[in-house]
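You will see two complexes here that share chain A, one where it goes with chain B and one where it goes with chain C.
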Partner chain A sequence: MIDFSSPRHRHKLGYLLIAPALIMMALIIVYPILLSVDISFQDVKIARIGSDRKPFSIENYEWLFTSGEFYNSLWVTVRLLLFVGGTALIFGFACALLLNEKFKGRSFARLLVILPWAVPEVVAVVIWAWMLDSSFGVFNWILLTTGMISEPIAFASDPTSAFFSVCLVMIWKGYPFICIMLLAGLQSIPEEQYQAASVDGANVFQRFWHVTIPNMLPVLGVCFVMTALWVFRDFAIIFVLTEGGPVGSTKSLAIMTFEQSFQFFRMGRAAAVGVITLILCAILSRALVSRFAKSVA
Partner chain B sequence: MATIEFNQVGKSYGSVEAISDFNLSIEDGEFCVFVGPSGCGKSTALKMLAGLEETTKGNILIGGKDVTDLGPGKRDIAMVFQNYALYPHYSVRKNMGFGLKMRGYPASEINARVEEAAKILELTPYLDRRPKALSGGQRQRVALGRAIVREPAAFLMDEPLSNLDAKLRVHTRSEIVKLQRRLGVTSVYVTHDQVEALTMADKIVVMKLGVIQQVGSADELFENPRNLFVAGFIGSPGMNFFRGTIQNAEGRVFTTFGGAEVPLSDTLASRAGGDAIFGIRPEHIVMGKGKVETGLSLVESLGTEKILHFQIPAGQTIDNSEIENDEEDDDRDAQSMRARIIDDHKYQNGETVKMDFPRSKIHVFDIETHEAIK
Partner chain C sequence: MFNFKKTATAGVLALSTALGGAASAEETLSFVTWQKTDAAYGAWWAEAVAELEAKHPGVTVEMTQLGRKEYADTLFTMFAGGTPPDIVHLAAFEYQPFAEEGWIEPLGPWIEKSGLDLDGWAGQETCERNGETYCLMLFYAGFVMAYNEELMKAAGFETPPSTFEEYIAAAEAITGDSDGDGIVDKYGLGMDTIRPAPVMHAIQGLVLDSGGNWTVDGKPTLDSAETIEGFAKWKAIVESGVNPKQAAGNDLRQMLIEGNLGMYIDGPWIYGILNRASEEMRPKLKIAHSPLTPPVGGTSNVLTMPSDISDDRKALVWDFIQIVASKEFQNKFADYSGNPAPRPGLDYVDNIEKDGVFAVFQEATARAAAAGVDRLPRGLELYNSQLSKVIFNETQRMITDDLDPAAVAAEIQKQVLAFD
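And then the complex of A and B:
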């Protein structure tokens, strides 16, 4: 019997305790990834466990890199990422700064901010879809009755409006999380740094620029990575709101993957899109995390 | 260079009064230390002076100018914080020059002043490092440097030594004093450590519960404490206290300690028959002669000096709440007294010794008000 409390064997207990989690991870994350890489190199229509292996082929990737559809999806995803990521970050940071101030009803305000994040995604998006409906939606009603527009905007059928509708809902859904993360970051900045800066004669903007921003850069970086990854793989918002339409204007890589696999039943192609998405996400997070990790060190 | 004046300054948080009737005037070039146990309001007083906390009453003058309604950046002061509050993302050079940059000085002058201050503080090799790459003592010097490059009217320091280890603290303590003497800038220094206060200050302000207890030089506070709190707070080991009755018999004024007569000053004759609290410092007790006889309960030898502990006779003890000194680092034991002796005698635990409490060294305090009786 090994005595795990002895210094010689202590680390073995650590491995033992972490083993179940590692095995679970391997089963539900690593194995499917390897499987989809494997499928992406075969011409599979409908994947079945236990069916015979198809011969190795790079046909799926050939199709991918020559189809306009893939480049369209990639471009949609990049635009979503920049627009949603950027706006949500700015909006979340502004909210975090407000919520960091002392005022009456602050805890209630914090609750209100976190609410969009707490509502189940599909439920929230169905409500948004109704609010943005071109015939019955409250948005068109407000814009029409205030005279800002003369005829209803077709939020779901005009490519530009559809794209920005998706952006709006994504920002609404995504900023609370950013806000809470940044709020935690703000609270970790020592009060004395602000006091020292004010004694040094810095005004409120200079304090923001010289104390808040540099202290927050690592957190901002992490937030941007997390939002970017979220935009990459979010499916429900786009699917419920526009199903990737009209004319592919909101068809992100995630929607394209779904379409290939469960509408066209081209599992091989879908897997190829998935693998490319995975590689892009890995590069993106690696670049951002290491960059911001360096700025804290 | 400037004088500093507090006029009737008060601070309250809602109905809680943190500081009341704070009146103080600090001369140009003086080194003034605010000292007191935690929660006594010394840091609050300093922050009000810096403009980081609002005053709810009274006004504050720096160099004769009323600064009560000015922001911290407009008071021409520099402050050193307990945790240094250096900007972690800037180099030492940028940290030190930050205040000048905010005031729009040209880069060449900022650089010249920073180099000059770095030379004084021996920081030149570290100018391009970030604070993270410095030791505690070096960070502390950078914080000082940030203060001196500005050439302000006053330095404010909020427990700047408490994050340093004991040896470095003693060293930096004297460095700060030398620097202050050299620059001649009026300085206000906050500490809970009475040793720092005694060794550094021209003027010590002892505070308790937001009220100034006594203002004076180290010698004044040591020799003539105005009340029981100051008497117990200043000095290490702290003053011994015991309770007794003032008696007057046949022209002799005395009290008793375990039955032995302890002579008192004749001026106390009018208070004969009343109880009082008596205090004597451990270093003033004379061993080997006198009427008081007692057994030693503990002998602590520190090489040259010895701390002798002995019991206070039953009925003459004072509990700590009466002294109102709840300092954590004060190891006062209410049941015993301490004598601090430097001699060649080898004292043993349990040994019975004779000792004398010299009349001129006995402090007498009113049992109700705890004020000193002259």
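And then the complex of A and C:
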């Protein structure tokens, strides 16, 4: 019998204890990924668990890399990533800086900032869809009654308006999380560093640039990675608002995956899009994490 | 004289029957539908389920409600996961991929064995693929027009329009700003412009009115002169502003019962929705024939069973299908839904006497059936979703980029011919 208390076998107890969690993770995360990769290499319309495997084929990837639809979706995803990620990060950081200051009603302000994050995504997006309605939405009503526009804006049927409508809702939904993360980061910066900088004559901008930013870089990096991954995989906001339209202007890779699998019943193609998305996310995460890790070091 | 062999055989048969009965007595059939909570259809389904349970003591049917929007995805996942419902209820345009994968039981042998006569059954041909019958058609309907009589009369129209030209003229006359705030708040007509399938059906109505269709003899005819005319009509409607720019079917129905929409072409289910209007509004809302000829219409939903359940369960599901198809339950369908049932030869005198609108539904269905109209494009059934997406995308592009309908039609035809 193994004596787990002995120094020789003590580490084995650790492995034993984490084994159930690892096995569970493998079943929940790794198995579906492997299954998707496997399906992506089969010319299969509707995959079914337990059915015979179809012959190995790269047809799905051939279709993918020659499909204008894929490059359009990739471009939409990249634009969403840059616009939503960048704006949400700037806005979230600004809010975090504001909420880090002492002022009357700070607790209430923090509650208000967090609210969009706490509202269920689909509920929030349905409300936004109504507010952005071309004929009866409150946005058009305000713009029309104030004379800022003479014709209602077709938020969901004009490609440019639809894209920025999706961006607006994604930023609204995503910035509170960034704000909370950055606020936690700001609160961990030692006050002494600011005091020392002040003693050395640094003004508010210099303190921000030379004290706040270097201290916040690791948190900013993590926030950007998480926002980027969220933009890559977010489905509900786009689907409820525009379903990827009009004319593919908001069709991200996530929407394309859904469309191929559940609307066109082409699971092989959908799996190929999913695998490419996974690879892109992995590369992005690795690159960003490495960059920020180096910057901290 | 005691015959051991006969007695033993009889005993074994009796035992097997009893065990079989016992087995079926403990069966629970799963039935997933989007109609359980519908006041009319839900009550009809509940009666059919009760009939099956009474016929097979101990057998229970577990009916589960699912939202229509996520319905096909959920059924698809259930089938793919190897746990399909026993009683399969699908939209008429959804069953084909399931049948193509061999997940749906061919019903031919069951029909033959039971002697179920489906001759003249409305829309039943949609359930046939490659010479095999895969389902029972539950509903085939012609579209009608719901309209606001008060708005119509105020616009100078004493009777509802009966041609496309009158339809547009009435829509233009109704559309306007009723409260003087400079914002249009009354719209002449409603057409879904944000979801692919309803957009395709709305345009199909205009294409049919122009004498064309998406396919002829199973071949795509999306660039025919008639189809181009249909696209042009749709473009003119959208650009004229008589239709709310960004609204789905449910939004439009709501606008109609709130008095903000003049006319809305829809299936007969619109009648039930009109009854949700306020007491003040309800008398103003009427049903008439669609001004488009022939009316859009077609198959709606089907009933079938999976191929990989046990024979005992298949026998029970087939019993359920037979109950639903029986004259008694087809009559009840008409009573509950207020629409003609697909079974031929039913007597609707009582239904018409009870509510004259039934006659409009009956005639609309007959008109659509006589013209061979179906929302499901013949020959492209498997690609219905792709087709609706292509039509939706390209017609949206036609509006945003102000493209020529003929060029748009040519592009759609090109994309459809490339379907694989």
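Rule of thumb we're sticking to: the second predicted complex is superposed on the first by the 288 of 297 C-alpha atoms of A that agree within 3 Å, B and C clash if a C-alpha of one lies under 4 Å from a C-alpha of the other, contacts with A are read in each partner's own complex, and residues count from 1 in each chain.
Quick note on the criterion: contacts are C-beta pairs under 8 Å (C-beta built on N, C-alpha and C of every residue); 3 or more make two chains touch, one makes a residue touch a chain.
All figures in this text were calculated on a predicted structure; none of them were measured in a lab.
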Legend entry - Partners on chain A (chain B, chain C) - clash or fit: fit
Legend entry - Vertex chain A angle, Cα centres of chain C and chain B, expressed to the nearest 10 degrees: 150
Legend entry - Touching partner for A:264 - first (chain B), second (chain C), both, neither: second
Inset, instruction - Considering only touches as defined above, state whether A:45 meets chain B (first), chain C (second), both or neither. - result: second
Inset, instruction - Could you say whether A:152 touches chain B, chain C, both of them, or neither, answering first, second, both or neither? - result: second
Legend entry - First (chain B), second (chain C), both or neither touched by A:135: second
Inset, instruction - Tell me which of chain B and chain C touches more residues of chain A. - result: C
Legend entry - Distance of closest approach, chain C and chain B, by C-alpha atoms in Å: 52
Legend entry - Complex interface listing, chain B residues touching chain A: 50-52, 71-74, 77-79, 81-83, 85-90, 98-99, 102-103, 146, 150
Legend entry - For the chain C and chain A complex, residues of the former touching the latter: 72-73, 76, 79-82, 97, 100-101, 103, 181-184, 187, 193-196, 244-247, 251, 385-386, 389, 392-393, 396-397, 399-400
Legend entry - chain C contact footprint on chain A (complex, rising order): 45-50, 133-136, 141, 144-145, 152, 154-159, 243, 245-248, 259, 262-265, 267
Legend entry - Contact set on chain A toward chain B in their complex: 190, 192-193, 195-203, 206, 210-211, 214-215, 217, 295
